[in-house]
Amino acid sequence: MTDPNTVQLTEDGRLKHFLTTEGLSRELLTEILDTADSFISTQERAVKTVPLLRGKTVVNLFFENSTRTRSTFELAAKRLSADILNLDIARSATSKGETLMDTLWNLEAMYSDMFVVRHSDSGAAHFIAEQVTPNVAIINAGDGRHAHPTQAMLDMLTIRRHKGDIEGKIVAIVGDILHSRVARSQIHALRTLGAAEVRVIGPGTLLPSDIESMGAVPYYDMRAGLADCDVVIMLRLQKERMQNALLPSEGEFFKLYGLTKEKLAFAKPDAIVMHPGPINRGVEIESAVADGDQSVILNQVSYGIAVRMAVMAMAMSGQQTPVNSEEPA
Amino acid sequence: MTDPNTVQLTEDGRLKHFLTTEGLSRELLTEILDTADSFISTQERAVKTVPLLRGKTVVNLFFENSTRTRSTFELAAKRLSADILNLDIARSATSKGETLMDTLWNLEAMYSDMFVVRHSDSGAAHFIAEQVTPNVAIINAGDGRHAHPTQAMLDMLTIRRHKGDIEGKIVAIVGDILHSRVARSQIHALRTLGAAEVRVIGPGTLLPSDIESMGAVPYYDMRAGLADCDVVIMLRLQKERMQNALLPSEGEFFKLYGLTKEKLAFAKPDAIVMHPGPINRGVEIESAVADGDQSVILNQVSYGIAVRMAVMAMAMSGQQTPVNSEEPA
Amino acid sequence: MTDPNTVQLTEDGRLKHFLTTEGLSRELLTEILDTADSFISTQERAVKTVPLLRGKTVVNLFFENSTRTRSTFELAAKRLSADILNLDIARSATSKGETLMDTLWNLEAMYSDMFVVRHSDSGAAHFIAEQVTPNVAIINAGDGRHAHPTQAMLDMLTIRRHKGDIEGKIVAIVGDILHSRVARSQIHALRTLGAAEVRVIGPGTLLPSDIESMGAVPYYDMRAGLADCDVVIMLRLQKERMQNALLPSEGEFFKLYGLTKEKLAFAKPDAIVMHPGPINRGVEIESAVADGDQSVILNQVSYGIAVRMAVMAMAMSGQQTPVNSEEPA
């Protein structure tokens, strides 16, 4: 596959798709965060909508079901004044024998402007942006184990808003790193934005073998890994992994890697606790921590809308050729 | 549980949630009806939308499926220019092990302004408004056997528009009173708005034992109960109750309590006939009555949109703090 | 049933429903195409929405599932600025024992302005327009084997835009004519708009016995039927027909009636190839043709939105009485 940045950027380096945080410059990631910051302030007004995507058609293409993520993109699109079409792909024309590419070409022919794509195959969003519908802005809402860049960017925004900056911070990511597209996108963004150290904490079976080449430091012992951290990011445990014998049991996992007040005490006293949700209380995290003073989990949700608005607005702007855009009568 | 009116009213007595008709003052119920009246006139214009909830996010949270009621709230929200998110709770994150409270907190964090809640547990809407998300306006769209206040208020509006006033009228409610949240909300509203007499008609097994303490007069014989009535409200028969042997059979029920022209003749000649829908023709009501001159059943549907617009607009107004609400650029 | 044109036209001959192309005048069909042409140009602007149906409520009533067609109507309605309610009829109140007519009356009472109806019974849209809700504009989105008029009109628009005019053209329709509502609507429109010859090509079992009375010429041999054609319209093969032994096998069908480059060479060199989609590659059409220079299949999809916008706008205009339409405050 081509370098994602020749696909997701315009010739003058602006975003036209949002596929991955990997390889994006510090300037561009910072622009996303600054734009999202401005949308947080519009969210807090009585009228939350802005007209940036008025008259545009956004299609939610979720090949993998996720009510949570689909809803946040739907709200982000509506607050940008876009029209949104939710397609339940599993029940649509593809089941009538049509190929996926024909489905996408048809949606493009309906003058769609943007596809929000979630797919269980790594690289699906990249493939669509490069090979199938390059003139439709593609936003990756999670592809296989590869990337979940809007989640990573809302996490960056959370750190910046609660710790002032990402530069110089020690960040620990805890749990099933191996299967986590979120962790991959976070590590790239954290490295680019100047985190002092990115640690990944989990059992050996759930840490990728190439983790050090990504610039992260592996820890098998949670207390050691949390020492002096500014930020603790818990991952969601995919229960189906346990059935595959990659993990002993929920109870055993919680004992070793569940975030408790006792373990959190090893991090800095003002460390913040993050989780992409939905949380499994008592599996990855105990309620006293999830609902405690250091938790910013619900703030992440709020910032998630703003970050999605930001990348949607930026990618649409990058797609637009300077055509006549006056309003029809 | 706290007195619902300390929950659903602001300190200066305005609506900020709409949980129940019980305990609301005659002035407030009348304000709802007056506001709904004004929305009936906007519904009859070529452009039916008004901008009162522009930029607001309304979430339809139906834990119990009801296409009819959900659609009326969806239309009401759209005609107020709100953005609406329909969540099929049964298929969403709660099935991923997330608690209901976490789901609600997440929706609140997405800057939702209003939840329309339908739930099979009595008190669910009250609990959410008081304990979970007090800063989100909660509209009760039916909770267990407890209340269905928007249905009751559209019934009040129907009586007022077709009989001039509720004051002094004799109203009979017929059918399964015991299991009916609609009947409970109607009785409270009718009593507060000055109905001369509220009668409930049904078999002894389907009349609550405390019915007289609610201010209603029980009748077991339908013809006696209908005598001199101004308004006849038929309830929908829940067929599953019959399977539980609370009722002998549909045929037997219809013979005793089904509304026929013959039985209706015992009411006043200008009595109106109401039903919350969907109607079971030949079970609660014969077609000659449902489609006859005295039926206002379809008018109720029209007024239902206006009443929902009214309580949504009033509750949103009650929630709003005097913040800067100018429109973003 | 009444003559559809006494139902679908106003007294002065304007559209107020869109049920069938049969019997519509050349002038009216041309007006639809001209209006659709104007919407193609609005689709190509940066802001694709026009305010023609602002404040109107359109209900998608799909008794037969079709994600593709439903989505195109949803997008068309949104681009006209209408509010749209998607009803999954199979799961709605009709399953609670309510009759179809009660469901429709209820939707009408909610001040709906337009129903887009798809139904497996021939005549369903006509019946609703004439007998059930005559004051709601009905758009037929496919009824049984009878008609699919918006599909036919987008096909006419495709021919006009790519071949200059329909007048004088030789058009072949290939496949299962017998079960095709699309073919029926196409033949009527092509004859009215002055096509020189309409040919239908297929096995004897799949050509209706009255085809010549409709003004079409049957061909059993595809190469003979394609000779000198300007336009080749492939129909979608309904695979369930084959299970009913009306067809020998997919392979056999493709050999005789599948469109290949070899067979297409019998048509005029500049003939265009059309298909209503979704296409079955290798069954009705080979990929070299579907994706080839003569294919206008994806253009049809684009024009489909514009044609639907046109008939929705025209029917709504035909419904409107000259009432006070100023905007509410």
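By letter and in written order, the chains are A, B and C; residue numbering begins at 1 in each of them.
We take it that a contact is a pair of C-beta atoms (placed from the backbone, for glycine too) under 8 Å apart; a residue touches a chain by one contact, two chains touch by 3 or more.
Small disclaimer: the values here were computed from a predicted structure and weren't measured.
Between chain B and chain C, the superposing rotation on Cα atoms measures out at 120°, rounded to the nearest 5. At the interface between chain A and chain B, two copies of one sequence, fewer than half of the residue numbers in use are shared by both copies. Each chain gets one centre point, the mean of its Cα atoms, and the points for chain A and chain B are 41 Å apart. The residues of chain C never reach two or more other chains; the list is empty. Listing the residues of chain A that touch chain B in their complex gives 42-50, 65, 67-68, 71-72, 74-75, 78-79, 239, 277-281, 298-299, 301-302, 304-305. Taken together, the chain B residues at the contact with chain A in this complex read 54-57, 83, 85, 87-88, 91-93, 96-99, 102-103, 105-106, 108-111, 320, 323-329.
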